[in-house]
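What follows is a pair of complexes built around subunit A, which joins subunit B in one and subunit C in the other.
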Partner chain A sequence: MTRQKSHVVDERTRANSSFLIPNSSFLLRATALSVSAILGTVIAFIVISGVDALIKGRGLSLFGAVWNSNAGHFGILTMIQASILLAISSLCVGWCLSLGCCCVMNGLAPSFVANFLNLILTLMTAIPTVVYGFAAVFLLVPIVREALGGTGFCWLTASMILALQGVPTMTFIMDGAVRTITAETELTASALGMTRAQHLSRIVLPIARKSLISAAILGLGRAVGDALIPTMLAGNAIRFVKTPLDSMRTLTAHISLVLSSDIGGGEHLSLLLAGALLLTFCAVVSLISRRMMRRSN
Partner chain B sequence: MRKLLLVMLVLVMAAAAFADPLDAFKDLEGTLDIAGGTAHIPVMTQAAQDIMTFNPKIRITVAGGGSGVGVKQVGEGLAGIGNTGRPLKASEIEQYGLKTFPFAIDGVALAVHPDNPVKALTKDQVIKIYSGEITDWKDVGGNPGAINLYGREDGSGTRETFTDKLFGKGELSPAVNVVNSNGAMKTAIAQDKRAMGYVGIGHLDSSIAGVAIDGHVPSQENAASGEYFVVRNLFMNTKGEPTGLTAAFIDYIYSEPGAKIIEKSGYIPLPKNN
Partner chain C sequence: MRFRELVLSCLSWLACLTVTLGVGSLIAFLVVRGYSAIDARLFFGTTPAWDAILAIKPVWNGIWPAMAGTLSLLALTMLFVIVPGVSSGVYLACFASHREREYIGECVDVLAGIPSIVMGLFGLELIIVLRRTLFPTGTTCLLLAAFCLAILVLPTLITATRSSIEALPHHLTVTANALGMSKTQTVRHLLIPAAGSGILGGVILSMGRAMEDTAVIMLTGAVANAGLPAGLGAKFEALPFKIYYTAAQYTSQDELTRGFGTALLLLIMSWTVILTAKIFQKRMARRWQGGM
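So, the complex of A and B:
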């Protein structure tokens, strides 16, 4: 399926470009090269300024656990912890939901339910993140506050919404693989007298294992990188999180909050370091997921 | 008929254009650098944008740095206008020959949910609450329940005024939830019956309730009269009497559209020479 799709896309781009300019392979290559060069420069810039911040900020304990701008402590350790916890928790919930959705769409439910779910998930991909955050501030936060106490702006709320937001992407990646494998093995499975559920759980899912994992890795990258949802929902207090009802500040939320700081100050250096950490993490994650995708194909 | 209306519309627009304070910038060109206080930035940036859109030959740059940087840069001639969130010290005026222009009052109000019975606190209580010593509403005369603390991010002018006037260099509790705008603060407090936070006085309305500190009630009038004390003036400073583009910019801040920008940024505009 994936291979077919990429083939179609290839053809479409080729058709489009040849429609625009007759002999355009040189132009295309040049564009691709310059775009990668620009991207490379941006990445190099962020990583270098992160390292630079570390060197300049020796006296500011940037990797420390204390943030107290009056006393000159700009530690982002609590934010690293928050980012990791939020990403992993929302990924666990989101991945399980996605697997469920994928199974429902591939034979565990009548086709009208599957179609309906497909429609909803497609719609969900079109909703901007800020809408999830905004709706949750007015709908989910008061519920959490009344039911469980605290302010409602906490790890739990943020991870629930972040999980929900990641479901469509992960589901569609899983669905692509599962659909292809189902088609390939359907006749054999029927010949062996398997029900659809047995076919799905015993044959299709084990074969699609790599796609399931790469969906998780992609989801992890997105969960770590999202800034709006934690900024709006996680509370942003700077301290280590102990319970799901604690307020937390992730690296991404930190960047979006402290953006208007003075250049060269401790706040600014902490932003550069946070940016470099996030970029490195997301780059590693997406490299891993690409390699896995290629192998599974 | 329609043509007549159109002509009239054009005339009205032309008249409006004639009365526009931006006209002062028509024949000017050059660069103006502004540096200093961060609370000033929204006002300065918006005014600069209006002016540069009106006359693209003018370039105005706005940088932060804090009040100290503002004084230093304008005094050493690195910036045309140096902004401060505090009055100039006598030594600074003497050393650099600075002239100062207060243009806005930045007041910050402590706020709670309208249903909260606590509508007055002492300064000492506020400090203890924000430093994490008092954590329950029953200790300050309210209904029992944890105090949900909200604050603003590092670098926020509202936070700076609030902490400067109340805490000095005291340490804030790490349990403070951080929101990134006066609007988000209002939303958080309006929804949370156990909330305590602070907003620019211009943002107080019926959705949240201001809290008097030591008997001083936060309101626009009290901030303007000096009765409410969690306020500071915002100043523009120039080296000697301003001329040319610098003078025009300062006049624009004091003009009617300037006052609108100041109000939109949550501050109270001040008239010139006051």
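So, the complex of A and C:
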């Protein structure tokens, strides 16, 4: 009833103000539309450079598996593989951790634990990526080196830290949906004699499925796009990865490492192609997760 | 039947423990190693403090140049981003038609999803194109880095502004209408002041995001040794880049300890800024919660 009424008022305000908009908010509108212009410029710039790189680099086998700058091979296939592997492995771990944290914050644990975890996660959102990387280089890398051998700069180390770094974002997205649904179904569930764990696992999480998936998709975009953690922790060797202890170079790490001065050379072209791939992937990911979020609301 | 609940409970407790212990140990490690390094020597090295601050003498073994670089970068970024960010947010919340809201909202989301390293690459390409056409002497510099950072944090600011205005109770608009205020008057004299604290929170939040980002600046002009920032067109030092550089290229134990100090300092700065932002946003939410 009230909702209907406010809707009516809303329509009226809009009708009332519609003839005022053109002159009074013209500047605001221009700035708002310029956001899409900025986005368009960035995308056009990166994508056009990427396509241009593909055309110019026909002889350099940019999509190939071989990287040998002396022989003129600048293949980024190994980096694509590394990016995909790192993102998926860290997402699997990170998503499970986030789901657990989200349940802890929604009644599976005593409230002081929930509040404590909430505080920890809030603090985690404010830890700069470079600080994660720095601490891990001197704490986690030696541990991995001692325990499992190798140099310690490997897929395993990077995916552990990347998983940890992605937890707060995903948890807060899940928490938003789970909290609403829990509040709505709480009375019914307790009337049926369900425990909190039953309530969460049988009712809330199935209903919140869409949000859980869109948190995963958003997390995937973040994991693919992160540059600092792979650069600092994954070792950056250009080769196909076979075991978790192998050193790897992701697309993002490739961009941050190659500061070649030869503009238009093979290395530079491979950067542009890597950038275009990353941008396309992340844009698609944002669009998909936006659609899903909207539908779940 | 019971299996599912058991798995969920185990997963939850395990996740809670893993995250707490993981982050706790990383932070504790940083504090233990970096705590003793934070003093005047970390900032100014062997140069007297006032000489360093007034730029009379250069600082060799301290992070004062990086600190000054980060501060000037932040100031410049905010200069670029505040007006477009806040006004786009206001427009989206108050004036936009349904279609515009959808379209611009989509653009903001996609922009927010662009990885920061790609934004850095954009800056690099931009300056290469500018060198070929308008500015043959142009190079990666403070101005370029601030520009790219501004694009990077623009979506944060727009979203924060928009959601703090949309969180205001509807009766404010209704009352204003009943009093015969025009839409512009309502927005200017009522909605923006009422959401002021939330908007300020958004500005501070985007400052925090700009402060911690490393990937953009390392492609657009941050270097390890530049001294104090010499101007808009000059290379500069920055705290996050200093930390990144130290992790890879440290040569002495002393330098490493300084790296730990710097990392801890950046962490504390980032926490301060982002928690302040959260407090401002919370304060606004509390003020309008009961709907007066």
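Points to keep in mind about this one:
Everything that follows uses one rule, which is that the second predicted complex is superposed on the first by the 270 of 297 C-alpha atoms of A that agree within 3 Å, B and C clash if a C-alpha of one lies under 4 Å from a C-alpha of the other, contacts with A are read in each partner's own complex, and residues count from 1 in each chain.
Everything below uses one rule, namely that a residue touches a chain if its C-beta (ideal position, glycine included) is under 8 Å from a C-beta of that chain, and two chains touch if they have at least 3 such contacts.
Treat the numbers as computed from the prediction; the structure is a model and nothing was measured.
Contacts of A:L119 after superposition on the shared chain: neither subunit B nor subunit C is touched.
Looking at the superposition, the partner that touches the larger set of subunit A residues, subunit B or subunit C, turns out to be C.
By the touch criterion defined above, A:G100 lies against subunit C but remains apart from subunit B after alignment on the C-alpha atoms of chain A.
After overlaying the two complexes on the shared chain, residue contacts for A:F138 are found with subunit B and with subunit C alike. Applying the stated contact rule after C-alpha superposition, one finds that A:A183 touches neither subunit B nor subunit C. Looking at the shared chain after the overlay, A:S256 reaches both subunit B and subunit C. When the shared chain is aligned, subunit C comes close enough to touch A:P128, but subunit B does not.
Once chain A of one complex is fitted onto chain A of the other, the partner contacts of A:T195 are limited to subunit C, with no touch recorded for subunit B. Legend: residue contacts after superposition of the two complexes on their common chain; A:E267 is shown touching subunit B, with no touch to subunit C.
Comparing which residues of subunit A touch subunit B with which touch subunit C, the overlap comprises 137-138, 231-232, 256. Per the touch definition, subunit A reaches subunit B in the complex via residues 67-71, 137-138, 141-142, 145, 149-153, 231-232, 235-239, 247, 249, 256-258, 260-262, 267. Across the complex, subunit A meets subunit C through its residues 6, 9-10, 12-13, 16-17, 20-21, 24-25, 27-29, 31-36, 38-39, 42, 45-46, 49, 96-101, 103-104, 108-109, 113, 116-117, 120-140, 160, 164, 167, 195, 197-198, 200-202, 205, 221, 224-228, 231-232, 252, 255-256, 259, 263, 271-272, 275, 278-279, 282-283, 285-287, 290. Across the complex, subunit C meets subunit A through its residues 4-5, 8-9, 11-16, 18-20, 22-27, 29-30, 33, 83-84, 87-88, 90-92, 94-96, 100, 103-104, 106-122, 125-126, 128, 151, 154, 158, 170, 173-174, 177, 182-184, 208, 211-215, 218-219, 240, 243-244, 246-248, 259-260, 263, 266-267, 270-271, 273-275, 278.
The touching residues of subunit B, when paired with subunit A in their complex, are 38, 41, 64-66, 69, 146, 148, 150, 153-156, 169-171, 174-180, 184, 187-188, 191-192, 194-195.
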